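Given below, in the form of structure tokens, are the structures.
Next come two complexes, and both contain subunit A; in the first it sits with subunit B, in the second with subunit C.
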Partner chain A sequence: MISSTLYAAKRRSSTALVRDKKLHNLFLLPASQTRDKDALTEEGVASVINELRMYFDWVICDSPAGIERGATLAMRHADEAIIVSNPEVSSVRDCDRIIGLLDAKTKVAEDGGRMPKHLMITRYDTDRAKTGDMLATDDVVDILSVPLIGVVPESKDVLKASNVGLPVTLSDENSPPAKAYMEATRRLLGENIPVTIPEEKKSLFGKLFKGRAA
Partner chain B sequence: MNILSLFGKRGESASVAKNRLQILLAHERADDGSDAVLISSLREDILAVVAKRVDIDPDSVRLEMDRSGDVTTLGIDIELPAAKAS
Partner chain C sequence: MKFKGKSFIAIVLSPEQPFDAWFKEVDRIISRSPGFFIDRPIILDVRGTNIPIEDLEQLLDGLNERSIRVMGIDGVSGTRLKKGMPPSFGGGRLASDVAVSEPDTVGDKDNKEVLSADASAVASSETSLVNPKDGDVNGQSVNGHTSAKPDKETSDPVPMEEGASIVIPEPVRSGQSILHPDGDVTVIGSVSSGAEIIAGGSIHIYGALRGRALAGVAGKDNARIFCTKLDAELVSINGLYKVADDFDAALRNSPAQIRFENETLVFEELN
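Moving on to the complex of A and B:
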């Protein structure tokens, strides 16, 4: 999202949008890596987002890692935020900082409003959380005080999907991570469904083996 | 001897992580933003000095202040452009 492509889009209207090959109501504004990362101005981003608002139900700004300029630009004009965290100290810490920025440096916050926030925990391993070797979802929710929108389990299906160039929700819609993403989406759309942690179906043998190896 | 101690105590690392986070974040949340202002001014000063001699991308100067515990450290990380082959 943070790219000079976006800047070009500002000048040439929505022509920089690329229609997704699989999902015909999904359009992408690719981020190109150019030398001049500062080609993007705050006003440019604002005007592109405001233009896209007129044509689309949802405009999703993927934020680059960290809490630098890219992230602040991406969040600036948001109406709500999904904060994605791994159950790890460094990731939760960054999320806490991002939450601080969401409450201070966004348009919504500056206008006296409160940014609606959702927490998504990803790469979660139920077994390791159970044995106390990974922060549990409750710990992360406790620390960040943001309501959960979904928990995506750590899964081999994610790499498989990325290998074949598909989102995991399309490559295997019955896989645990795909289910988690679909559920989170329904919650984002306003459905009131309890948060579950989809799991791999284990055979009895798998269970025994896993229990032993833990 | 408890047999579990052979494998390390159950539940230890996650609760350590939670504790660490609580302490870390308490420090960071108490910060009134003056650090951020200081860091951004320092960053601009450093960038100006380096840019006098080397052609660098403004994004390649990164500063990080760490106030965890009793010591405060300032990390400065500057990425220089690759040497030109000519």
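Moving on to the complex of A and C:
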């Protein structure tokens, strides 16, 4: 949530924060899509983030798509980064560039530190990875050389959840994408648990014809 | 007003007739390594060709269509250039020619010279540290080269002192560019597709080479390229280059070394 709203929010103090209806310890700072995004100054973003830091355990800053100014501003004051990639060449390439920026253009990097990074692969479709339509998780990890925090499967549950206005973790907590998000969260909090790679769907055809030698 | 000098590496393109064939080769490089000509100083070298100005115009149009921006033209006097054309340019130390290396030494000579590009360093008075952190999304990066003597008449590589080698302790990401025209570059990690290493000496990559590696750009033909996994877009030593299609398929994704021998690039598996 980075846009001019952040700047406005700063001037009107924390009143722009909206408390989530379901989770009472979650607040949102909505981003305006209409205002001139360049109205955001680096100092403005810095002071908003520093203010939020004082009141919250976690400040999650969503980055706009692409590798433009918005993304650079969003990452600038981060302590830690989650890089979300689709298992596609173009998406992985953009993530690679972003990782380069994380190591060069952030406060942490400029102060000589290393930005801790986590890789989240999303919309992963085992069948398509098998046929080579999509990259396999190993390939993505190999290309980006960033530790994996989770793999979210491609699933209709995500669309269903957004149609009822809920995050998938609340609309159906037993769905595979919800489980993947919960697992990633535990890992972000420091738990050392293995990453579940979504299973291949066993097709009926595959089973019927197995072992039938002619 | 203040003037500042800046040192950089330019790719020198030496077009050859027929231009259609030459542009095909340019397109082949672009298709394998889309970023190669982008945001990089390009010099068009037409010395010794006595090129008619109409042909030059046609060439510049062709380059423009491919988004290759020429910053200067070497070999045509400024008075002959039309308005809107890049300025006449002379100077810069010629480092080495880049020409197609034939898969076998017996390749026909004509083809070999289809495209020749030189990496040349231009006189400098500003030096900046070579650091992957300098690389930004546009891949612009100033090199750490000092005091090159502008010497455009010398087409032979200028012998130069052995420079210090540098170590990049992390992967080189897409869009980043490491320029070290004076010595060896060692990378601990992979070189991504869309990233590049340009070195005066050898290039050692402890990881996958998926981007571009140009070794020996200062005219060193004993420079080599080593990588743990060969999946490069383009490799070049002392000006000879090969793009991915030219590689031996058996070497793909293997540990490899590439060296310059008898005017060709030799690829070998490392084990």
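In the analysis below, the second predicted complex is superposed on the first by the 193 of 214 C-alpha atoms of A that agree within 3 Å, B and C clash if a C-alpha of one lies under 4 Å from a C-alpha of the other, contacts with A are read in each partner's own complex, and residues count from 1 in each chain.
Please note the rule applied: contacts are C-beta pairs under 8 Å (C-beta built on N, C-alpha and C of every residue); 3 or more make two chains touch, one makes a residue touch a chain.
Being a predicted model, the structure only gives us computed values, none of them experimental.
Once the two complexes are laid over each other on the shared chain, residue contacts for A:R93 go to subunit B and to subunit C alike.
Contacts of A:R69 after superposition: subunit B is touched, whereas subunit C is not reached.
Look at A:M54: by the touch rule set out above, it reaches neither subunit B nor subunit C. In the superposed model, A:D103 makes contact with subunit C only, not with subunit B. Look at A:D139: by the touch rule set out above, it reaches subunit B but stays clear of subunit C. Looking at the shared chain after the overlay, A:A129 reaches subunit B, while subunit C stays out of its contact range. In the superposition on chain A, the residues of subunit A contacting both subunit B and subunit C are 93, 96-97, 100, 142-143. Of all the residues in subunit C, the ones that touch subunit A in their complex are 132-137, 170-171, 173-176, 189-190, 192-194, 207-208, 210. Partner subunit A is touched in their complex by these residues of subunit B: 10-15, 17-18, 20-22, 24-25, 28-29, 57-59, 62. Every residue of subunit A that touches subunit B in the complex is listed here, in rising order: 35, 37-38, 68-69, 88-89, 92-93, 96-97, 100, 129, 131-136, 139, 142-143.
Contact residues on subunit A toward subunit C in their complex (touch as defined above): 67, 93, 96-97, 99-101, 103-105, 109, 142-143, 145.
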